[in-house]
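Below are structures written as structure tokens.
Next come two complexes, and both contain subunit A; in the first it sits with subunit B, in the second with subunit C.
What follows is the complex of A and B.
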């Protein structure tokens, strides 16, 4: 039993089916396109949607960066990068600025994206209304009628109960003024990076079998109210390694006594910053 | 000084080796062969082939060996392989009426044409641990019947059909080709062929629980096991360029025709209705559970009230797949540092507000 897999693991017809879905997704920003998601050799929930999107667009002249939680060296990011190294023999990098395709779980890099770059987001639940309405039949109708009252009421109830909106990640956005969309579970800190991004943003949900996209230079608005404008997370401290006051920080517990420190979640950004500080 | 954790790749590669060593176990014990798994673990094999949607005993045995006997993991391995296979063609519909039967029972009639045939069933074994099996060297010699079974056993439900007391089984209007759920996403409402396909791939434990719930008041459907048959069925293809049918082999199947009460509606007379289950190998539990859930999912088509989980298409069909469920439940062990950090700062803010409020009120 000796079996060779196709370039990028998926067969060419499947890649074409995916690219057709992606073209539709780009043509209707924020709309969830159902697609014939394949079973990948990684478990659902590990990024099978993102992997299929990456596999369908990647070529031998691409440079791939894979991050999980902003970091290039977390086990899942390492594993996905290794997978593409095995089945697509593609060059890989940890530098945001050098990558042509960046597959991500839960973060957008701190370094501003450029025109020509493609971000591929791994999406566990593509439907922003799912926690408010369990039925897919219902939510598809709500999108068709652009009926998003449920979400506005939810945000309003947050304000009534807590004084502010109590959603800290996977914060819903309106794409191109039409579709309510899940930005994937990125912290709301990253939401402003979606607006008028020069890069193409592709989203793949493997288990839920949906694709969607935010084309370059598209308006992306985080939901808010006039008297409760959208805001992002801030920290009292700065990164303990590079000193940045502008990046998203992870809290690290350093001993049994509960001492903690804050460091950048974006490892490439942090390393670059440390280098610059030394020079 | 804190240093960020590195070396994920080395750790991953080392985990491969450790897993392989645990799989092999004590090296003084002979290694399990695929022939042993195929020959002596046939029910585990059938389940893996069934939920893996691939009838290949050799690969299923390999998957079971690689997964150290974990059926769900073996199903996953088989599915990830299956997804890469090209489609050479589609077989003609299987003719289960022409099955070479090895077991056939009916719970609705004491005797049926061709008789009740127990076959290799554990149903009446009394479930006493058989300590003789702890030793090797067993060579059972089953008795041969005086007369062989007829080549074809008539289907029990046809008896009711000739009286018009059970709904006829007809293809949907226009006899549309069934969708292929491994190539197209599941969309709602799902037609019966799609539902059956989903149930066929579904996790046996999940279907068993749902089926059980329909017997305990959640979608009561008064079922009777009209007929359960197990045996070999020929697989036939008709290549376009040849234009004639070719038998390419045979597979073992278990089929269950469940009979359910139906009081009738404005348009349909009172009659029995059907629930259908089919599985690879001797998958009787799976086929029966599938038949009960198939019937409960027909509620809207038959004009019945929908009030129980087993009647709700989206609830049932979205959650049958063990590969999807296992992946998403277990993905929680992946890093969620970033989102957790976001929630942590939110909880701290809320907590501060709460404490201030409590203090002010005191």
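What follows is the complex of A and C.
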């Protein structure tokens, strides 16, 4: 059986709905725009939001890169890349610098983004206040009235319990001085890259049916206390493969004896770095 | 002296029936007003209506803020109502778990309102929270414990601290002693009386316990079937009740 899919898998009306939502999201940085999320050929939690956003903005002259926790070669990344190669006939790449659209799960590439590039984030929970306030009606009110004291309750609690702000991923940010926003579960190491980013950042939450965006060159501030300022993770070691001291490192256990090594989570960055070292 | 809250002919309907109706009174700064009555007499409805949690159907409620600006609470924009609720009002509920965040520490509970007002210094927040715990007779060592680890009396005192930390001028209380046994209740009322005296806040308290009214309230309203049947100085009402229903209420207290 040979099924003909519309270009980009989604039908044109759905894409139009998504684009309208995205336009609104870009116009109101950080504001969560509801949209009619569709069933996609992958389960919730695997990037149904991101894949719909990508499908609605992608064109045949685009070059797509997909990463999962920084890696280009994991199941999720490989499958989504192949999916768009098939339904949108786009060129795909693993090089951050060559991509025009980068769909990501929980990382921002180490290589600096450029103007004209679009990042698409997969978001499991778009509402940063959700763990503290279960009611959607109430959280919308809190956003409307910019009542964000609650978020600091969580940070306070972190310091009271662990002595420092222990939230290390999905670290809440204030976008354009107005909306409290979840940056998706990226490590807080990546939060500074959101600030004044030259690239357009789009966020899609499929199960929660929300879109939001951080337009290029927008102020993004990570929340903190005056006496406990925001800081990012640091490591004592460098990447065991490429020797980088600037990238986000994953700890990998290499045998049953507990040997471990630290390597870059961004595979493209690591490979490029290794090659540069060889030359 | 100008009243902090003026209530005129307020009514709240549930469908065709009235929850409360034709309620009028003035509340002055530093005054404690008790609303007494049996279950279903409309006292909690009245309190929620005055605090803006329910929309009134008739009447006028005017609140004077710290700058002397008058706010008509029935037509107030939601944003302004929330601002007043954060800065000028407090609300103490009967069940502490409705008024507290049970899954965060006592310190975070007390600090929440301060953080909502923009305080961003952890050390100072913590110091203030500790002071307030001591003020409500909870050891500052318990700052990092969760309210679920507290006794009922402590939870209720924590709720008081959480509300008073931003120095509101008007606090609504809905049967704050409802779930407490008598000895704990006595301590709680003692504390409340001291705090009211020290801070000069005005309090509107709903209770079905005339003893609480006797101990705390300057003035008392007696409600029956949604209406205020008698109002006046507490001692006057309890010692010389005029309305048959008040007489019944007063005579039904066990003389120990």
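In the analysis below, the second predicted complex is superposed on the first by the 277 of 279 C-alpha atoms of A that agree within 3 Å, B and C clash if a C-alpha of one lies under 4 Å from a C-alpha of the other, contacts with A are read in each partner's own complex, and residues count from 1 in each chain.
Note that contacts are C-beta pairs under 8 Å (C-beta built on N, C-alpha and C of every residue); 3 or more make two chains touch, one makes a residue touch a chain.
Everything quoted here is computed from the prediction, not taken from an experiment.
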Partner chain(s) touched by A:228 [first = subunit B, second = subunit C, both, neither]: second
Subunit B versus subunit C as contact partner of A:156, first or second or both or neither: second
Partner chain in contact with A:135 - subunit B first, subunit C second, else both or neither: first
Dominant contact partner of subunit A by residue count, subunit C or subunit B: B
Subunit B versus subunit C as contact partner of A:91, first or second or both or neither: neither
Interface residues of subunit A shared between complexes with subunit B and subunit C: none
Residue ranges of subunit A in contact with subunit B within the complex: 1, 3, 5-6, 9-11, 34-41, 43-46, 48, 68-71, 73-79, 82, 105-107, 124, 134-137, 162-164, 166, 168-170, 185-189, 207, 209-210, 233, 235, 240-241, 248-252, 254, 261, 263, 265, 267
Contact set on subunit C toward subunit A in their complex: 78-79, 82, 86, 101, 104-105, 107-108, 111-113, 115-117, 120-123, 125-126, 143-144
Complex interface listing, subunit A residues touching subunit C: 132, 141, 144-145, 147-150, 152-154, 156-157, 159-161, 224-228
Subunit A-touching residues of subunit B, taken from the complex the two chains share: 2, 4-9, 11-12, 62, 76, 79-80, 82-84, 86, 182-189, 314, 318, 323-324, 326-331, 334-339, 341-346, 349-350, 353
